[in-house]
Amino acid sequence: MTPYKKIEVITSAVELGTIEKKLHKAGITGYTIIRDVIGSGNRGRHAGDELTGVFTNVYVLIACPPSNLDKVVEAIRPIIKIHGGVCLVSDVQSLKS
Amino acid sequence: MTPYKKIEVITSAVELGTIEKKLHKAGITGYTIIRDVIGSGNRGRHAGDELTGVFTNVYVLIACPPSNLDKVVEAIRPIIKIHGGVCLVSDVQSLKS
Amino acid sequence: MTPYKKIEVITSAVELGTIEKKLHKAGITGYTIIRDVIGSGNRGRHAGDELTGVFTNVYVLIACPPSNLDKVVEAIRPIIKIHGGVCLVSDVQSLKS
Amino acid sequence: MSTDLLVANLLSPPILFFALGLLAVFLKSDLEIPQPIARFLSLYLLFAIGFHGGGELRHSSLEAHVVWTLLAAIFMASLVPLYTYYLARLKMDVYNAAAVAATYGSISAVTFITADSCLKAMDLPYGGHMVAAMALMESPAIIIGVVLARVYGKKKEDSEFQWQDVFKDAFLNGSVFLLMGSLVIGYITTDNGHQSLEVFSKDIFKGVLSFFLLDMGLVAARRFRDLKKLGWTPVFLGIGIPLISATIGLLICRLLNLSTGDSLMFIVLCASGSYIAVPAAMRLAVPEANPSLYVPMALAITFPFNILIGIPLYLKAIEWFK
Amino acid sequence: MSTDLLVANLLSPPILFFALGLLAVFLKSDLEIPQPIARFLSLYLLFAIGFHGGGELRHSSLEAHVVWTLLAAIFMASLVPLYTYYLARLKMDVYNAAAVAATYGSISAVTFITADSCLKAMDLPYGGHMVAAMALMESPAIIIGVVLARVYGKKKEDSEFQWQDVFKDAFLNGSVFLLMGSLVIGYITTDNGHQSLEVFSKDIFKGVLSFFLLDMGLVAARRFRDLKKLGWTPVFLGIGIPLISATIGLLICRLLNLSTGDSLMFIVLCASGSYIAVPAAMRLAVPEANPSLYVPMALAITFPFNILIGIPLYLKAIEWFK
Amino acid sequence: MSTDLLVANLLSPPILFFALGLLAVFLKSDLEIPQPIARFLSLYLLFAIGFHGGGELRHSSLEAHVVWTLLAAIFMASLVPLYTYYLARLKMDVYNAAAVAATYGSISAVTFITADSCLKAMDLPYGGHMVAAMALMESPAIIIGVVLARVYGKKKEDSEFQWQDVFKDAFLNGSVFLLMGSLVIGYITTDNGHQSLEVFSKDIFKGVLSFFLLDMGLVAARRFRDLKKLGWTPVFLGIGIPLISATIGLLICRLLNLSTGDSLMFIVLCASGSYIAVPAAMRLAVPEANPSLYVPMALAITFPFNILIGIPLYLKAIEWFK
């Protein structure tokens, strides 16, 4: 078991492409995406019923060594700033595969 | 980065309305919902194949300042007690947006 | 609130049956499954668009008392080893239901 | 003729696909109908049956026998849960008995639709008001089930419970609402409107039903597992209650002198149990009841019994009684 | 005749199912169309309308009035966002006004399709090139909206923004692409090809439309809530802008001497607002704008207005002006 | 005539929509078919083709040539993976070669269905037993592929592996099971049953196929990316193996003196590769193999090759050889 950082990002689904692009640019290739997530936040309720991604969110989970944390956070920060949502960081132990 | 609490609730999908109502009553407006989650627990396997929400679960993630933790937990506790499921609390760092 | 361990497993969707079987064998009956999860890792991008489970992932969340952690991890380890994916362990507080 | 009937029913595509679904699970095939599709097919069936029922209602005058039939439907929807409760109570606690009562008091639209297919194959007509009867029979049992649970159950303070939620779940749940709405729309739209939906709502109907029953077979078979732990009680009740209700229903049909088609539909409504609207409502209003008991009873016992054996049996009984 | 028209429109199944969807939300029914289904139905509608448009284009020669109509379409798609911006700017900030401008400059395919259903019910033909006009009118307003936001908005450094993304979103988003593609395929495939898709793309069309409008009713009604907080501005703009655009559109139709069918389609394109392609593009390119403002305007005000009242109204105006 | 054939094939809606799907990805459009829909459409196609095959089987007597054709099908399903393995082994490790062998030994139902559409358009009949041949050819190669991987691969202790799982995946995976089941149901149901499903299973078939091929185009094009890293090997193999298999298949057809329709179907079965049943089974039984290699080969190379060029080519070869 190795100490890892887990970063969870929840934001508007339309941002998924940007997030993936930025992660790749930052050299992060390990992440998991849950689509069709809904929720409520500062911008009201996102009910996922709009025939478009506009009111749907996406959840992205990134597990990385602590040394990569900053890179990930810097990639995500501007997106959250402009488009809203949350970014949560926590400590986990990763099973070395 | 600010210390936050993350509360994860997994329970029967039919309870989603109640959960949202209670969160709003407690003044909590930031949360994320993942629907069509399945699982297994004390009440057997919830396989999500029933044409109804009865055997499907819902996952709700609430990130809040530590001072709000009690409000959230008290809102969720009776639901878990009556309808089953789990409620997990952990420490995270939130990227101030 | 009781201290619990949270184990998160993300791997190929075709492994879901094996995971459930192994958990049951290990006596673990409480877990939650999120299907149709996509992602990227050592084996390239899993975009979930293959008409088959081959390029889709599954997310499994297991909350258990710390004493059960080893059993769970040993059940999951060979799967991650052969089929790829990640397994993350963290500390949580469980609301006793 | 009766074996012919049974065989013809068993060899119709919808029933065969239901059997295929059962078989898939028993052989552990990984065949699966995506859930959004299954939900859509079920909405489609409600839409189509309601729309046609409405269309036929337009061409039938509101005669006395229509009114009597509808009243009888409401009567049965209230009577069935009562005796079901006391029967179930012999073997179950209050909450489960109440949920079982609600289940059998309400109806199964897919059983109704399968009976419709069967009648169509034999060129036996039935009145559009039977669809209205179906819509009327969905909800009362839910209310009665909740009343039973609260009257006989432990008194407890729970600020959660609200009657208005129960009524909303009973009368405004998606399936009741869509069925009722489509019935009304079928009634008020123009002939032109009916023509323009002919292919969508009629010609592909039986194909959609076949596909849906394939899914029902899968789902029903998966629920057998739940039953294994529960012994023979659910099996006896799951066949016994429909037979009792069918018998009472048959008597009422004779009393009202209904046509063969109307009679079959009426009996099928009495004898079928709900596995969509009722479980969702009970899970909320009577959380103490175990859905792994009452859902499989309706879905894995009563539903297959009704569509495989019940429908031809009821038809034969109707003719025999004439 | 005009009341007849209004009533005939209101009693057609698609409109009635739209109303049923609205009602479901107002009564708090839990009726829900699974989202993958709703998306599929909308893809189907684009596919079918495009394919048929293409088929009809093959049989019409590329005459001058076709070219003129297409040019007029592009002209209106560029003009509407301009005056809409200045109108909206009276009550909103730059970003929201730009998003509203893009919304009303672009078009709503479902409004177009509902108008098509309405014309079919009256045996009034329209040219296949109107589908091409629709495809051409989807994108320009998106570009114009983004330009307005960037010209009038706060200058800021953002390395994120790229014009090529905006163009991609405008011209290659799924709905524009499928519509265009189906149009081209309908144009180049053989008569045989058209025949083999007849039932799928034509006979079940109105049924699918009815189901889709049921979902639109649900979605539109849910968006009313967003509007409540915003006062009367969205309501006035959501009806006023379409009326202005329809008037200008009508003048152009007279100028070009279009047939009744072509005129209705042209006006409907001018008067409708986009709630699929535009919001997705604006959310990315003008994140400062609030989608809970411009989406509900198009979806919960303009769309119902157009299909319930607008279409018969525009038809009457066309005939009156003849 | 052969260019006519090629052009007619290329201009049929299913092929054009496949091309549209490819184009969408190359132009980076965000067009997407919701996955539950795509899975449903593929289930529908298996259901319809099986049901009709069964229906036609009823009207054909079980003659010698039927038996011979089925035996030849099983023979080819066992032969193809063997030479494919040795060919692939020249460029790949044991595990990937085994997976490629299984892929090409098995069949692609959609290629078969596209060939069916093509034959229908030319009024060339083929026997219902070819559908049975398809069902029989899906599974053997999976077993052979796993055997190859275990015989030639590194010996290792893995308590996970169980032959019974492999057999289950080979013979009871959803697509094989539904195809087989629908075939049997089509065989045993009544003429009445066939009639009642006519519109659902026949008239809308080609429309559904077109939509499904649109999705196949999207999916295939997305998989091109995977191939870029792998050089020319997959391209050569992905075209070479089908050509070899088609040649052997053609010889067998001459030997058995099959009709033109039966011959085309037989050759298409030999020459097509599986991208649904096989990958799922291989992922479990041979996890060392890389699905980003064998899935794109079948999906992004062989499938387009077969439906765009292969089918007309094979037809011409059949006629030339007559």
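Here the chain labels run A, B, C, D, E and F in written order, and each chain numbers its own residues starting at 1.
Operating definition for what follows: a residue touches a chain if its C-beta (ideal position, glycine included) is under 8 Å from a C-beta of that chain, and two chains touch if they have at least 3 such contacts.
In this text the structure is predicted, and so the values were computed from the model without any measurement.
Trainee: State which chains count as neighbours of subunit C and simultaneously of subunit D.
Mentor: Correct list: B, F.
Trainee: Of the other chains, whose C-alpha centre is the longest way from the centre of subunit C?
Mentor: Here the answer is chain E, farthest from subunit C.
Trainee: Out of C-F and E-F, which chain pair has the most contact pairs?
Mentor: Of C-F and E-F, more C-beta pairs in contact link E-F.
Trainee: Could you pull out the chain whose C-alpha mean position is farthest off from that of subunit B?
Mentor: F
Trainee: What's the call on subunit A versus subunit B, same or different interface residues, using the half cut on shared numbers?
Mentor: different
Trainee: Taking the mean of the CA coordinates per chain, how far is subunit B from subunit D in Å?
Mentor: Averaging C-alpha atoms per chain gives centres 33 Å apart.
Trainee: Distance from the CA centroid of subunit A to that of subunit D, rounded to the nearest Å?
Mentor: Computed value for the inter-centroid distance: 45 Å.
Trainee: Averaging only over C-alpha atoms, locate the centres of subunit A and subunit C and give their separation in whole Å.
Mentor: 19
Trainee: Can you list the residues of subunit E that touch 2 or more other chains?
Mentor: Residues 34-37, 39, 199, 203-204 of subunit E each touch two or more of the other chains.
Trainee: At which residue positions does subunit C touch at least two other chains?
Mentor: 34, 36, 90, in rising order.
Trainee: Kindly provide every pair of chains that touch.
Mentor: After working through each pair, the chains in contact turn out to be A-B, A-C, A-E, B-C, B-D, C-F, D-E, D-F, E-F.
Trainee: Would you pull the subunit D residues touching subunit F in the complex into a rising list?
Mentor: Touching subunit F from subunit D are residues 8, 11-13, 16-17, 20, 23-24, 27-37, 117, 121, 199, 203-204, 206-208, 210-211.
Trainee: Can you list the subunit D residues touching subunit E in their complex?
Mentor: 34-37, 39-40, 43-44, 47, 51, 168, 172-174, 177-178, 181-182, 185, 188-190, 192-193, 196-201, 203-204
Trainee: Which part of subunit B faces subunit A closely enough to touch in the complex?
Mentor: 1, 4, 6, 20, 29-35, 61, 63, 90-95, 97
Trainee: Could you pull out which subunit B residues touch subunit D in their complex?
Mentor: It is residues 12, 14-15, 18, 36, 43-44, 47-55, 78, 82-83 of subunit B that touch subunit D.
Trainee: Which subunit F residues qualify as touching subunit C in the complex?
Mentor: Result: residues 35, 38-39, 42, 158, 160, 218-219, 222, 226, 275-277, 279-280, 283-284, 287, 290-292, 295 of subunit F touch subunit C.
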